[in-house]
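By written order: A, B, C and D. Residues from 1 in each chain.
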């Protein structure tokens, strides 16, 4: 068996081993993968970045733990950016298994905000996040379409109290926040069809700036809404999250992920090329034999 | 796309300028003095209320002409309040508030009595619309309208295109099926995936190894699964004739029950009822990945000669197909789940793409009745092609040719729920 | 009649549902909701059939000492434990009676099912096994009645909040689920290695499109060009392909459904 | 992390590693994980369907908080019918009455097919046909820059691609002549589409792997070595290494087996 034939008939387990080794190596190493920032993502970043301190943004965390790998990085990137900019965040989790995850996210964020950091040359002092002042977690209610519509009247209609049981009226943050008119932008991070409800029942009826964070597979489906202007920006999968992290100069989960993604893709492409080289070289050899 | 986006950008600027202009005119007109009285705006006119069409009842649509002070005149209107009452004199209750510029409001409720805002059918209501100003105390009411009552319709007019499509398609199917019954010869082009099924069963017999038939995650209410039952019945019949063994692990209990029936009948038809084993078709579990794990285990332990995947598949498509490669089986797949077709195409020896799955039952049986419906499908496809071609020409050129009425040709096909 | 009646049912209910779709009236909505409930309820009853199939196949494996029969115990214990947890409330004081009764329940069910299956197969001592199972079942019932630290709840979903139920869910089901899913990372690589060979024109098209899209986020001088190309491929040729498949599938589905309603296709009844 | 939680996490880690070991080949650890998964998930769905299906959709409607004799005088007594149909499924255990079990199936399939006809026609045929008739962007026919998906030519490519791919699906006409060329264009379009969606999915699948690596690293390994944890005991480390050891021993034994086979086969060939 010459080398080309070996290329063609590699045991799949070598591929697995090689892929795993590369993934682990990349996971534990420390390099950054440059990403090209796309317009769809920078639109979201620029909008949030230009908001004055004290403005309220709304983050809808609409995914299950099964989509955590792709979507959690977006939530972290956007919320940290907002908190560092002294914006305030209202968020919901309208997916059944989402609330626990959202709760964990806000705890993690509170931890990382206690530390002083410098992003894009600006120094941000560490501070303590206060529930009800800096953020408000509304929680989960079933029938997302109805919840989204009802929130157009007042957030208190579906959520009289927040996730932790405190009545909304007693939270300082919510004093002046009643419905979508009081928020600067709504970012929907979603792994399912709740996005459609935000577009048609939320944005369509109440007309607020809507940005989407979607799983990679869903992204292509929502480009038409970007073109029609119903959606002001889209972050697609881990790639979108990595772009956002690049812009905020705060490499996190997504950049970690991209560090594995790029070599993993390259490994797969390498094996495809090897198979093809083997195929063509083998064909040449066979032809020689025939002639 | 980019040019469109750019235009949008300019539109934004335009809106911004327009907003500034409007705002400054309002600011100029409204005295800065806070104690100044807001004059009641002109009331809305032309108020009509009627039952909402093509719905389940319990809904009334209110239409009006906006106040002359809405976006013009004194420009004092900020919105409209829709009021409803059981008698012309009142008292009126608020049923909705809409922003300025609105001309219509749908007052609707669910069909269950006792839910909030329930609107009983066949009950007279009277409506009034108030033009609201920034001062809650200052508004002007329109003339009342009514009585009006809601009622359910027996036909949804938004579904006309669907109705026609279903009727025409049914007629086509019945026509071709009865033509086929009369013994008219129908040509169908060969499908590689179908022809492979017979060879695959033969191969399994030679190797003395079983055949694995997988329905995927479909329930018995998925049409793909129902089509798959027919394919299974053909496969099982041949398996019985060749005296090979068959394994059908199931994800859905009803699918399991039906598949047991199908396989049993097939064995009886083949004249070998004693060869049928009750546990050939068995249930595994209702969880996607546990099911996949178990089927993968079956593949590596029983080493089936042939794996047939027909039905509805999700992420497990590639997991099954790749494990099947390891166990050295010939694999034939067919699914209507678009996202999974690429994986089957890549990993399986033969793949029935989308519609071919539904045609497979007809192909396998070569029964004229079922082949007749293929002909109907082809005619329907031809109709789609012709209509689409005509539609795209009409949309793009009818206006230029002075046939503006044709430009809206595509609206004939719009489905409104 | 045994065969004609079901066909009639399919025809009547099928036609009714087709017509119902065009009738928005509330009576038709209610009828649809009601019939939908039927399918749900039939599905739940059918699950009992499925579970019985799982149990009997597992026990058959054990009794006949088929390959890997030892593992069938794992399935059975997992199944019974999960159901037991799902019907009981949280344990307030001592855990040992809880787990002791689970073990008693397992043995009782084991004997009972062995007995029932034995009757069918005419095995020896199946009667003894059956009654021993019933006896142990009684013991279990007594523990359940007299042990006040935990109790059964069948009509209210307390069991869903049971600690053990939740732990089994989040530490057995969830990690297994995500790991099984994660195997796809490996399978997708071996599948693409094996299949993406430029053997002919079709395979080459498949290969090139896949490569372009896979390379879409590679940094470098070509990065922008490739990323634009991949967006275009995803939104133009891919859209065309998907649309055609959707229309084809739609017609295929409607045709199949019509054939079933009209009684032309009876594969689901074993008559092809 | 408390001991109890750590034990559960270690179990999860063990199961995770077991499933990954399947990539090498079928082995006892995988068999254990697989069979456990089947049992637990089946039990889980029994419970979920009982509490969220049977109780809410059937019992709740029949009983509505009161006791009724056989529920015949219940407010929604007609829910007896689906229950009877459901029970009919069990007649399949009897040889004589098993034909009755076809009734509920017939109801089920009748309802499913009846629902599908107008819905699939509307969603898959009518709506797609409607969206095929789009105006072509003549203003910027060549678009801007490289491969512009909003440009006029892209609109035309979409239309032509759809039409030709539909022609490929023709069953009753041989793919020859002009028709055959169109069908060929159709299968090209399909293949490009398949390749693209395959390549697009790779990223999401790698993400899943990363998620598992993160779980093993952050939730399990880190807690095993977390000396700052107040609940920490050497048992944490022992458990960690024990689980690793299981897989290590398996790997070594497989390797020895491999060496033995290799020697044996080389002897044979000699």
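The working rule: contacts are C-beta pairs under 8 Å (C-beta built on N, C-alpha and C of every residue); 3 or more make two chains touch, one makes a residue touch a chain.
Owing to the predicted nature of the structure, the values given are computational and were not obtained by experimental measurement.
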Central chain (distance from its CA mean to the mean of all protein CA atoms): D
Top-ranked pair of chains - ranking by C-beta pairs in contact: C-D
Between chain D and chain B, distance of the C-alpha-averaged centres to the nearest whole Å: 21
Length of the line joining the C-alpha centres of chain B and chain C, rounded to whole Å: 23
Chain A and chain B: spacing of chain centres that average the CA atoms, whole Å: 28
Residues within chain B bordering two or more other chains: 1, 4, 159, 162-163, 166, 169, 220-221, 223, 226, 254, 257-258, 261, 284-287, 289-290, 293, 301, 339, 341, 343, 345-346, 353-355, 359, 374, 377, 380-381, 384
Per-residue multi-chain contacts in chain A, two or more chains: 12, 16, 217, 220, 227, 239, 261, 264-265, 268
Residues of chain D whose C-beta touches two or more other chains: 19, 22-23, 31, 33-34, 37-38, 40-42, 44-45, 89, 92, 102, 105, 108-109, 111-113, 115-118, 120-121, 125, 129, 132, 145, 148-150, 159, 162-163, 166, 169, 190, 193-195, 197-198, 200-203, 206, 208-209, 211
Contacting residues of chain D [partner chain A, same complex]: 23-24, 150, 200-204, 206-211, 213-214, 217
Interface residues, chain B side, partner chain D - complex: 1-4, 159, 161-163, 165-166, 169, 186-189, 220-223, 226, 254, 257-258, 260-261, 284-287, 289-291, 293-294, 296-297, 300-301, 339, 341-343, 345-346, 353-356, 359, 374-375, 377-378, 380-381, 384-385, 387-389, 391-392, 394-396, 409-410, 413-415
Interfacial residue positions of chain C with respect to chain B in the complex: 18, 21-30, 39, 42-43, 46-51, 53-54, 56-57, 60, 67-68, 173, 176-177, 180-181, 183-184, 187-188, 190-192, 194-196, 206, 242, 245-249, 251-260, 262, 264-265, 267-272
Parts of chain A lying in touch with chain D, wherever the complex brings them together: 13, 16, 23-24, 27, 68-70, 215-217, 220, 227, 237-239, 256-257, 260-261, 264-265, 268
Chain A contact footprint on chain C (complex, rising order): 174, 177-178, 181, 185-186, 188-190, 192-194, 196-199, 207, 211, 214-215, 217-219, 223-224, 227, 234-235, 238
